[in-house]
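Labels for the chains are A, B, C and D, by order of writing; each one numbers its residues from 1.
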Amino acid sequence: MLAAVRSNILPLFFVLLFGLSFTTDAYAQYLINLMLVYVVVAQGLNLILGFAGMFAFAHGAFMAIGAYVSALLMNKFGVSYLVAMPAAGLAAALVGCSIGIPAIRVSGLYLAMVTMGFSEIVQWILRNWKPVTSGTDGISVASPVFFGVELSDDFQTFYIILAVCAVMTALAQFIIRSRLGRAFVAIRDSEIAAQSSGINVARTKVLAFAISAFYAGVGGSLFSLTQHYINPDNFNLYQTIMQFCMVIVGGASSLIGPFIGATILTWLPELLRNAQAFQEIGFGLLLIVFVIFVPKGLAGLLIDKGILPREEYSSRVRGKWVVRKERAEGSERT
Amino acid sequence: MLEVSGLEAGYGPQLVLKGVSMQVPKGEIVALLGGNGAGKTTTLSAIMGLISARKGTVRFAGVPIQSKPAHRVFGHGVALVPQWRELFSEMSVLEHLDLGAMQRCRRSEIGQRIESVLEYFPELRSHLHRRAGALSGGQQQMVAIARALASEPKLLMLDEPSMGLAPMIVSELGRTIKRLNETGKSILLVEQNVHLALSVASYIYIIRGGTIVKHGPTVAFADERELFQSYIG
Amino acid sequence: MMKSSLKLTAAAAVAAFIATSDIALAEEAGLTDTTIKIGMIGSLTGPAALWGWPTINGAKMVYDDINANGGINGRKIELVIEDSQCQAPLALAAAKKLISRDEVFMLHGGSCSGAILPVRDLVLKEKVPMMVLVATADEIVAQPNGYIYRAFLPGSYDGEIIANFIATSPQLKKVVVVGNTDAVANVRYPKLEESIKANNLEYLGLEPLEVEATDATAQVLKVKSLNPDAVVLVARPEASAVFLKDAAKLGLDVPVFGSTLVDLQDLLERIGDPKPMANMNVVSFYKSTLTEAPMARWVDMLKKYYPDDKVQAAAFYGTSGALAVVEALKRAGPDLSREKMVQALSEIKDMDGGPMACSVTFAADDHEGCKTGSIWGMRDGNITALGDSWK
Amino acid sequence: MEIATLLSVGVSNGCLYGLVGLGLVLVYNAQGIPNFAHGELFMASAFAAYTANILFGLSYALSMLVAIVFAFALGVVVEFLAIRPIAMNRSLGRASTEVAIVLSTVGLMIAIKGLARIPWGDSVRKLPAAFSTETISVGGLVLSTQRLLIIVVAFVLTIAISLFFSKTSLGKKMRATSQNTAGAMLVGINTGHIYSATWGLAAICGGVAGILAAPLIFLYPDMGTRMLLKGFAAACLGGFGSVGGVFVGGLVMGIVEIFFGRYLATSMMDIFAPIIIIVVLLFRPQGLFGSRSAVRV
C-alpha cells in the first residue's frame, strides 16, 4: 500500500485535489487553482533551469505573452478557449525560440542579463502598446464557454486547470525521460561532453527555451482565467523571482519539485496572512537558505531521506560531473 | 620529507584514490607513473589540498597537512606545477614570478628571488613583460615552473611537465629538473613519459585504479618497455 | 512519504471543513446584533507599503470614532484587514478570504487599481457592497455596477479640473503634458487630453518621465523647445520634484499644474527650496492645507487614534469613504442587509466630504461620489487655495 | 548651450553608471556571476549616509566615510554569509554552483530591500548635497555642484582602482584570482580572502555611487533596481574587461541616453538600458573596447 502510494504520488495528488474540490470554499479553491497554475509555470522553468542548466530570467515575460495572447484571441476574435490556450503556449514558445536562438550565442550567465533585459522590454511593450494591450489599464478576460456553459467561478475553472496541469505534468515526465531530456542534462553537466557524444547543443538549447516558454505561456493563459483581468504588473520581475523560488524550494531537476514549491509558495503567504511576517525578507531569506543548505530543494531532501522514490532520470545524472573532476579526467584522458 | 599513507579522495560521490601510500625522501626525485584515469593528478590535488582527503594522512616534514587548504600547504613549502599550467593569461611573466614569490618572502627579497629563478630559465628574461597567454607552450611551461620555484619550495611537484612539448624541449626539461634537484630540492614528478621519468628519478611508484601497484628504486625498472606494460596492463 | 503529502492535503481539507461548517448565525453575512464586520484591503507590505497603513488608518479612525461613541444602531464596526501587497493575485485571494471565509458584510479597500480591478468582478457577482479605499482607476467604479462606490476625487477628473482652470486665463494657450507612464498616471491621460482640447487649448503632447528618474534635463529641454504656456505634470512626488528642480535650473518659466498624485506641502518639504515651487500649482482633494482650520478636526482625530502616524496628505485619502459608509449604515437602519446598504449609499446626496473639498453625492447609476477638487498654488511663498479659476 | 548642458548631465549620470557597473564587473570577473543584489548595496549605502548625517548628526564628510566603511563591511558580510557557503560547496557541479550563487544574490536583493523597508519604508527621504551652493555658472553654463563632484570623484576613484590593480600586491592577487582561481591557489593565495576583498571593493564602488547620487534623487528602498540595469548596461558596453573600459562604457551610456531622450524620444529612456544589454551581449559580447580574450566563457 505504502509502496503503491510512493510510486504514484502525483496521480494521487491530482485525485486528492479533485476530491477536495467538493468540500472547499471559494477562497481555498482559488488558491488551489493558483497553485496548479504556478505548478505549470514552474515545471517549464524547471526544465530549462533545473534540467538544461540555463539561467533564463524571463518567465514572467513568457507568462505575460501567454496571458495576453489567449485573452486577446478570446476577447477580440471570439476564439474558443480550447484553441486560445494552446495558441498562447505556442506564441510564447515562438518568442522563446526567437530569443533562444540569439541567446545561445552568449554563454552561461550573460544569458541571465540578456533574458532580464528581454523581460524589461516585454514589460515596456505591454505598457506602451496601448491599442492592443490597453497599457497599464489592463484587460479583462472573458470566461471560457464549453458547450454553451460559461465556466466563470473557481470551482468550474478548476477542472480545466487540473486537467491542463495533469497533461503538462505527463508531458514533462515524457520529455525528461526522452532522449531530449537526457540531452538537456548532458549540456547542463558539460557542453563539451554533450557535443562529443553527438548532441546538437545549439538545437537542444533552443528547444529548451521553446518548451520552457510554452509551459509559461500555457501557465499565463491559465493564470488569466483565475484572475479574470490582467495587467502588466502581474508579470513583473517579482513574478519571475517567485517562479525561481518555487523551483529552488521545491527542488530543481525533479518532477515533483515544482509541486512542492508551488504548494508552499502559494499557501505559506496565505497561512501567514495574519502574522504579516512573510514579506520580502522572508521570501528572500527562504531563497538564500535553500540554495545554501538545501540545494536540491525539498524534493531532493525527501528523495535522499528515502521518503520519496528516486526519480530514475535524475538519479542517473546526479553529481556526476564536478568542475575539478572534469579537469582531472580531462588530464588523465590525454 | 613527504609521507602519504592510506590516502583516499575523490570527486562528489566518486572515490578515485583508494588508499595511496608513498614517500618522497628529502633531496630525492620520485616519479609517480600511471595510465589515464589511474589517479595521478588526483593524488597531487589531494596532497596540495585542492581537494580534501577523505581518509589517510599526508605529512610534510613531519607536519600533518591533509586537511589544510591549498594556500596553507603552499605556506609549508610545497609547490605544484599543474598539468594545465593554470597561468594568469592576462598578466605578464614578471607578475607571475612576483605572485609566486609574494606569499613566502619579504617584499625586499622578491627581486633577488626572481633573479635566481631566471637563472634556470634565461629564455624568459626577454619575455618578462609579455602576457603569459601570448607565449608558446614550452615558454608557458617554463613560466609555470618558474612561478612555483619563485616561492623557494622545499618540495616541488610536477604534473606531466612533458605533455605537449617537443622532444628537444623535454630533454632540456629533464636537465633542468636534475639541476634543481642538485640544489637540494625534493621533487615529485608525475609522468606518462617513461623515458623522462627513468632518466631523472631515483625511485618509482606505479599507480593503477587508485592504488599503488608497484614501487621500487629506478634500477629495478631498467627495462622501459616492461615498465610501460606494467602500468598500462 | 504518504504521511507528508497526505498531511498537507488533510490540513487543507480540515481547514476547508472548518470554514464551511462555520455558518454565520445572522441572516445576512457579517452581521450580528452588536457588530458589523467590514473587510479592508490595503497594500500593507511590499513596495507600495508607503501608502498602506496611512490610508487604512485614515479610514479606520472614522470607524474607531464611531465605535467609541457607541456604534451605529447598536452595532459596533469590526474590521478585518488584509494585505494585497499591491499584487492582483494576493488582492483577489484577500477578497475571497474576506467574503467566503470571514463572511464580511461589506468591503472597504483597494489601494492599487491594477490589484483591485480583478476584485471588481468578484464583488459584483457576490453582490457585496464595496467602498473604494484609494484606488483611482475609473473602471473600478464604472457602470454597470450595482455595488461599488467611491467617495474621493478619481484620477481621471483632475485633468478636467486642470484644463478648465487653465482655460480661465486668456494668455495660456499651449499646454504640454509631462508625466510617468505607470498605472496611476496613465488613468489620467485620456480625460486630460480630451479636456484640454475641449477647452480650445492646444495640446502639444506627452513627454514621459521615468518614475525613478534621477534627472529630467532631457524632458525639460524638450518641453522648452516646444515653447508651451503651461505644463501639466502627472508624476509621482519623487519624479515631480526632480522635474521642478531641473525646470528651475534650466529656466523653464511657465506655470506647472500637478495632479492629485502630489501635494504642495509635501513637494515643498522634498525640494526644500521655495524657488522651484514658484510656478507650481496642484489639484488637491482637500478643503485646505493640513495646517489650516478646515482640516483641524481630521488631523486631531488622526492624532487621537493613531498618534504615531505622520500627519501627511496620504493620511486622509480614505476618510471620506469611511464617512460615506457610516452615513449609509445609519440610514439603512437597524434592520440591515446588503441590499439596503447599497440602497442607502445610492441615496446619499450632498454629504459633507469631511477633509475632501467635494460634497459626496451618489446616484443609483453613478457611484462616483466626488468630482471636484480645488487648485492650490504658491502665492508669496505660501500655499494658497486658488479655487477653480485663475486669479 | 543646450548641448553643453545635456553633456554635463549625461557625463555625470554616466559616471554613476560606470561606478555601479564597475562593482558588477569586479564580482563578475572574480566569480563569474552577475550580482543582482548590487543595486541594494547602492541603496543601503545611501541610507547609511543618510542615517549618519541626518539621524546621528555627524558631519557631512564623516558621514560619507561612515557610509563607505559600511558599504565595504556589507559587501564582506554578504559574501561571507550568502556566497561563500555555496562557492565552497564542492558537491554541486560548476553550472549548479553558479546558478545557486546567482539565486542567492537574487534572494539578497529581495531580502535587503525588505529589510530596508522596516525603518525606511514609510516615506521618502532626502540627503542634502555636499555643497551649500547648488549651482555654479561657468560662462553662462549652469552646472550643478553635486554633478561636478560626481564627475571628479568618479574619475579619481576609477584611476585609483586601476592603480590598485596594477601596482599593489592585493590588486595583483585579485587579478590573478579572477583570471585563474586554481592558479591563484597554487601560488598560495587565500582565495576566500580575495573574494571577501572583491565583494568589499565592489560594494564600495556601488556605495560611492549611491552616496553621490543620493542628493540628486530621493532615498527609498526600491531605488537600486533601476541603477542595477543601468550598471549592467555600462558593464556590457565596457566589455567586462578593464576598469577604464567599464567607466567609459558608463559615460557612453549616460551621454547617449540623454541625447537620445532629448532629440528622439523621451519615452524610450526607460528601456534604453535593457536594449543596450541585449544588443551588446548578442552582437559584440566583448563590449565596445574589450578584446575577445577578455570575455569569460
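By definition in this document, contacts are C-beta pairs under 8 Å (C-beta built on N, C-alpha and C of every residue); 3 or more make two chains touch, one makes a residue touch a chain.
From a predicted model like this one, the values you see are computed outputs, not experimental measurements.
Colleague: Measuring between Cα centroids, what's the chain most distant from chain B?
Modeller: Following the centroid criterion, the farthest chain would be C.
Colleague: Sort out for me whether B-D or A-C is joined by the greater number of C-beta contact pairs.
Modeller: Result of the comparison of A-C and B-D: A-C.
Colleague: Can you compute the centre-to-centre distance for chain A and chain B, using the mean CA position of each chain? Integer Å is fine.
Modeller: Taking the mean C-alpha position of each chain, the two centres sit 49 Å apart.
Colleague: Need the CA-centroid distance for the pair chain A / chain C, whole Å please.
Modeller: Centre separation, chain A to chain C: 36 Å.
Colleague: Taking each chain's centre as the mean of its CA atoms, how far is chain B from chain D in angstrom?
Modeller: The answer is 41 Å.
Colleague: Provide the C-alpha centroid distance between chain A and chain D, rounded to the nearest whole angstrom.
Modeller: One centre to the other, that is 32 Å.
Colleague: Touching at least two other chains at once: which residues of chain A meet that condition?
Modeller: 128, 279-280, 319, 321-322, 324, 327
Colleague: Which chain C residues sit where two or more other chains touch them?
Modeller: 45, 181
Colleague: Give the residues of chain D that touch two or more other chains, as numbers and ranges in rising order.
Modeller: 90-91, 117, 182, 225, 267, 270
Colleague: Quick one: in the complex, what on chain C touches chain D?
Modeller: Touch residues, chain C against chain D: 45, 47, 49-50, 53-54, 181, 207-210, 212, 214-215, 217-219, 221-222, 237-238, 241-242, 249-250, 270, 272, 310, 312.
Colleague: What residues of chain D sit close enough to touch chain A in their complex?
Modeller: Residues in contact with chain A: 28, 32-34, 82, 85-86, 89-104, 106-115, 117, 182, 225, 229, 232, 236, 267, 270-271, 273-275, 277-278, 281-282, 285, 297.
Colleague: Could you pull out which chain A residues touch chain C in their complex?
Modeller: For this pair, the touching residues of chain A are 2, 5-6, 9, 12-13, 16-17, 20, 23-28, 30-32, 34, 127-128, 135-138, 140, 152-154, 226-231, 233-234, 238, 263, 267, 269-270, 273, 276, 279-280, 302, 307-309.
Colleague: Mind listing the chain B positions that touch chain D in their complex?
Modeller: 11-12, 48, 50-52, 69-71, 74-75, 79-80, 82, 84-91, 95, 98-100, 102-104, 133, 147-148, 151
Colleague: Which positions of chain D touch chain B when the two form their complex?
Modeller: Going through chain D, the ones touching chain B are 90-91, 169, 172-173, 175-176, 179-180, 182-191, 293-294.
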